[in-house]
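As written, the chains take the letters A, B, C and D, and residue 1 is the first residue of each chain.
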Amino acid sequence: MGHLELKNLSVQFGGLKAVNNLDLSVAQGELRCLLGPNGAGKSTTLDLICGKTAATSGQILFEGRDITGLSEHRRARLGIGRKFQTPSVFKELTVLENMEIARSQNPGILASGFVFRTHIRGRLKEVLELVELKDHVHTKAGNLSHGQTQWLEIAMLLIQDAKLILMDEPTAGMTIQETRRTGEIFNSLKGHHTMIVVEHDMTFVRQIAETVTVMELGALLAQGSIEEIENDPKVRAAYLGNEVANHA
Amino acid sequence: MDAFLNQAFAGLSMASILLMVALGLAIIYGAMGVINLAHGEFVMLGAYSAWLLQTSLGLGILVALPIVFLMVALVGLLVERGVVRWLYHRPLDTILATWGVAILLQQLVRSVIGSESRYVAGPTILDGNLVLGGVVMSNYRIFLIFFSLAVVAATWFLLKRSEFGTKLRAVIQNKEISECYGIRADRVYALAFAYGAGLAGMAGALITPLVSVTPSMGTYLVVDAFLVVIVGGVGSLLGTVAAAGMVGEATAMFSMLMNDTIGRIAVLLAIIFLIRFKPMGLFPDKVRR
Amino acid sequence: MNRTFKTDCIGYALFAILLLVVIPWAVSFDGFALNTYARYLALGMVAMALALSWGYAGILNLGQAVPFALGAYIMAMHLKLQASAHMPGGLPDFMGWTNVEALPWFWQPFHSLPVTLIAGIAVPVALAALLAVFMFRGRITGVFVAIITLAFLVAVQLVFIEEQRYTGGQNGLTGLAPLQLLGWRVDNYSTQFYYLVAVCLMTSLAIGLALVRSKVGLVLKAIREDASRVRFFGYDVARYETLAFCTSAAIAGWAGMLYVLVLEFASPTYMGVAFSLAIVIWCAVGGRESLVAAALGGIIVNLLEGRLSDMFVDGWTFFLGALFIVVVLVAPRGLFGLVQSAVRHAGKTIRSERGGARARWLATGMGARRIDNGGR
Amino acid sequence: MKRRDFLKGVAVAGAAGVVGFPGIWTQRKAAWAANGEIPVGILFSLTGAVAVVERTLHDAALMAIEEINDNGGIHGMRLRPYIEDPASDPATYADRARRLVLRDNCISVFGSYTSASRQAVLPVVEGRDNLYWYPTLYEGRECSRNVMYGGAVPNQQQQEFVPWLAENFGGRFYLIGNNYVYPREENNVCKMILNQIGGEAVHEEYVPMGHSDFSSVINRIRQANPDVIFCTLVGDSDVAFQRQFHAAGFDPEQLPVASLTRSEVEVKAMGGEAAAGHFSSAPYFMAHDSPENARFVEAYQRKYGSDQVTHFVSEAAYFQIYQFKAAVEQLAPSDITATNIRAAAVGQTFMAPQGEILIDENLHTHLWPKVAQWDRSGQAKVVLESQQRIAPEPYWAYEGQRCTGEGLVTS
């Protein structure tokens, strides 16, 4: 029994089947990379898991519980965190305020009504140091550099302490150094958090991947270790002109 | 049965007036996202223009229509250049600014022309009624129904078939890219705003034979027109037509079953539910969002 | 967050000084002037209530006048019953004229002052909650909220005008008795009354500030920016929005009760479109990002209206219209934003003279980093 | 962030400077006795929806004040009008009335057209025992000791009108009015009279204020097929209704509209064509033939333009200033207070444009009701004139209640 199980999951937009009878199982503490050409349904799969999009048919099981019909915030409360493709932090809020929003173990109104200040200590301090934002806590997120913004969002996921973290191209727009550093952070999270990462950057994928799943046209195409995938002829065909090879 | 048909005609007639007022608003809101609370005042200015042309030059309202259109479009252009164009990136602020414009225009008319109610004669050729069995239809109201549909058709043609329309749609889709192709977005906006204002002005001139012309006559109209635009859906001409028809007919039917006040309350509640469950309007774009 | 807390306190304290000391002294405790200012304060209170939902949560409520008017009517119902005690059956005069035989059930509870005071807040809140759940569960936002609340406002007003038998119709509730509060006969021209209103405003302001300075306010701000992102952190966005909407309604209802005490009648124009839009304008003129500023906006615009109509009886609305346009064009964030940027500018000049070198170093450091990111 | 909140403080302090500066913002006290002026308040809307009518009342009242001042004032004291614009909003009426009474120390306030605005002003004038001169016809059922009612109450408008209509056109009435207290009360009275004379109200309906589409109403009228439309629509609604009713092709000889509220102002706006042949009941019409009226109309048109009309409310706004003058003239300068003016005013007669009027001890006015038929020129021809001055009975329809010099008496 995996930590997250997708069973026969489908979603349809108008006439288009964006995800088609997808079965997927991710184990506790695993870091799963999700690959596939544009339009393969990777982001949609993440949307389905976190609840942004409602499934047309099929089931999503998280920790053995059927969450298919739950709303986003209920799934988040169960421990599913999401990082979007374009960095989505709250630009009008400071770094510290962003972190406070993310620190959502008690997301109820009553609990929130009694929180007036954020103390920089404990786990919060650790995370801020990890992403090197400790000196910028009072900076508005809108004034951060692109890489810093990406890290802020990662930091927010860390402080949210989600059991399952869904990442959509976390290194997009990062410098090579920043990407490597991100990879290190991810590696350190393995085992504690289950992660699903959608990524194009094969260097990065090699750095972090254990198991790789490849999707095409909304369905599962191949699954296995990075080497197996890179040598799979089906995958090569799907990427028309060896996009994988180019990346590599 | 006659009662029902008479009432159905009354509904159509209300719808036609609503449609003419709402059409200009739909363009202004649909194209630019501007919530124009001064729209009722454009209607009022149209009515006063018709009065002015009739009392000073002796022009009947039908003859005066094109001039009224141009006069109010000019005012619209001035408002757009002077106020609205600074606010395209913050649509909610247009509520406040155009409310200010509305107050200003009302006071302007009151100071220059006076606060009393004005009389505009209707076109004599459209006096009288068409009687079909038990159904009595005022010729003028029949004319309004057809005229409003003609205005919709002309607007549709302008938007879909003319060069201006193509440019406008391009700017609505993506302002920056359109500008790269040499479309002057600000000019397109200004013209669209002026066109919307001109339509409101025509509506104002056309309702003068039915109502009382006063400086504050527009205030009642703008809320209803807005509801029609939102129910119809942003940027959908067909939606605006359908919404005006529905609101007009619903008002007439509720009014037949109960009375005008309760009819209006019922229509408002229906609108609330429509917006709640169909916020994208009656005919939303079927594009994945 | 702690430093903002301190400056909040300063702003609050200065506002308190203005209301409790400066205004009464400036008008030398004149009964008429205090009554007029009490009216402005009640209106400032509604503007502040709107800032709570509009400024913080981005919920543009064009029907803010509904809870205000409900509070007003509830207070007026109590006072009307007091005034009708000597009438046959204790029936208000207008009911007698419209052939109402007995006091309807929903008037009965308002014989009691405590019930009235509670209901004046609870009823608007209940209605707001219904509407809020209806809207926010359906994830209605932006202009759609504005239009729904506007349509709701018009419908409620029509109901009040239509049901003349129970509401007094277009005339509203008039001929009210003065309020008896703990044995004190409230005289609306007295200094005590002014202070009652001022203290209510300060108290509601404190409640509002506590709310927006707590994490709730933070979540609301985050919702205003990106509601769906907030959901992915586990917050029930609809519930937060509902809270803001209802708190706003509560304060508006409270203000409505005070307003009736000032003017001694309740009228359906309190829930008119013009009045409701005016609230939005006061809020915008003051600055919707700050509760204190919004309250000040309500006070200043009304004061100005009064002054202008005094000075230019003919055409004073000219100036009013022009004021709104100018505020939106020149000061999109209201007087608050204007003052803020002015002071920030002044602060910057001082700082750049003192720590210019350090600032420049920071700036170039940041700049370099940005260029790095650009070339991936 | 931190700075912002500091700024809040600065903003507050700055605003305090602007708003709270002593003196400027509050007092405008006039000691009338000292400088030989008599301060009176003029409270008619110059902006907003009601301005259409109230502007003319404002004009008429100011004309009377000017005439009085030009002729030497009252005992050599000039009337000093304090003018406020309540912007058609009841709350603003209340606010401005406070200014006039409390700040400007006016000893009387002349103002307003709608019942709602009168009610808004009442607490102020009653609380300070001031006098409010209200020129408009109204629904009666009020007996304030602080209001001088210059307009007609239901018995003065309907007592002769309704039976006359029933006699000439038939007793099946269709009642239509705007949705507020005046039409509802007039219709109650109308139904009562109809009941006595054997007529009936075939339908009764109310539309919201400002309502301007009457297609449904006209359809219902067609269905009900009444003898008379009894109309208490006001302002814009009346104009819109009459134009649409006329356009629908009804013949006034078969189905006349009988209005209690329609004056020369509305008729001018709807056009004589639409109004021609229909009836109104009022104590005054512009075409009334009397030397006083000729003078009034001539002066009014000279001052405000020859296209202007006078009507039954503006006439009252005009004569009430003269009633005020006559009352003040009886008082020694040191005795001029609102309560003394009231005492002196009771029993006064004045030769108004409509005829000689009298102030009753219940502070309402004895008037000369007339029924007139409109013609194409927008003027009304009087077809029925009361033989005597009719006394005001604000509680006419309520048995056992009478408004007297001691206020409301219930027997």
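Brief remarks follow.
Quick note on the criterion: a residue touches a chain if its C-beta (ideal position, glycine included) is under 8 Å from a C-beta of that chain, and two chains touch if they have at least 3 such contacts.
Going by UniProt, the chains are A = Urea ABC transporter ATP-binding protein UrtD; B = Urea ABC transporter permease subunit UrtB; C = Urea ABC transporter permease subunit UrtC; D = Transporter substrate-binding domain-containing protein.
From a predicted model like this one, the values you see are computed outputs, not experimental measurements.
Nearest to the overall CA centre, using the mean of each chain's CA atoms, is chain C. The greatest centre-to-centre gap from chain D, using C-alpha centroids, is found for A.
Looking at B-D and C-D side by side, the one with more C-beta contacts is C-D.
Computed centre separation for the pair chain A/chain B is 48 angstrom, with centres defined by C-alpha atoms.
Between the Cα centres of chain C and chain D there is a gap of 35 Å.
Centre-to-centre, using mean CA coordinates, chain A is 73 Å away from chain D.
In chain C, the residues touching two or more other chains are 158, 161-162, 274, 314, 317.
Multi-chain contact residues of chain B (touching two or more other chains) are listed as 106-107, 110, 219, 261, 264.
Of all residues in chain C, only 3-4, 6-8, 10-11, 13-15, 17-18, 22-23, 25-28, 30-33, 35-36, 39, 93-94, 97-98, 158, 161-162, 164, 169-172, 174-176, 189, 263-265, 267, 269-270, 274-275, 287, 289-290, 292-293, 296, 299-300, 303, 306-307, 309-310, 313-314, 316-317, 335-336, 339-340, 343-344, 347 touch chain D in the complex they form. Touching chain C in their complex are the following residues of chain B: 35, 37, 83, 86-87, 90-93, 95-97, 99-108, 110-111, 219, 223, 226-227, 230, 261-262, 264-265, 268-269, 271-272, 275-277, 279. Looking at the complex, you find that chain B touches chain D at residues 3, 6-7, 9-10, 13-14, 17, 106-107, 110, 114-119, 121-122, 127-129, 136, 138, 140-141, 209-217, 219-220, 251-252, 255-256, 259-261, 263-264. Residue ranges of chain A in contact with chain C, taken from their complex: 50-52, 71-74, 76-77, 81-82, 84, 88, 90-93, 96-97, 100-102, 104, 107-109, 111-118, 145-147, 156, 160, 173-175. Here chain D touches chain B in the complex through residues 46-49, 51-52, 55-56, 179, 205-208, 210-213, 215-220, 222-223, 235-236, 239-240, 243-244, 247-249, 265-266, 268-271, 273, going by the rule given at the top.
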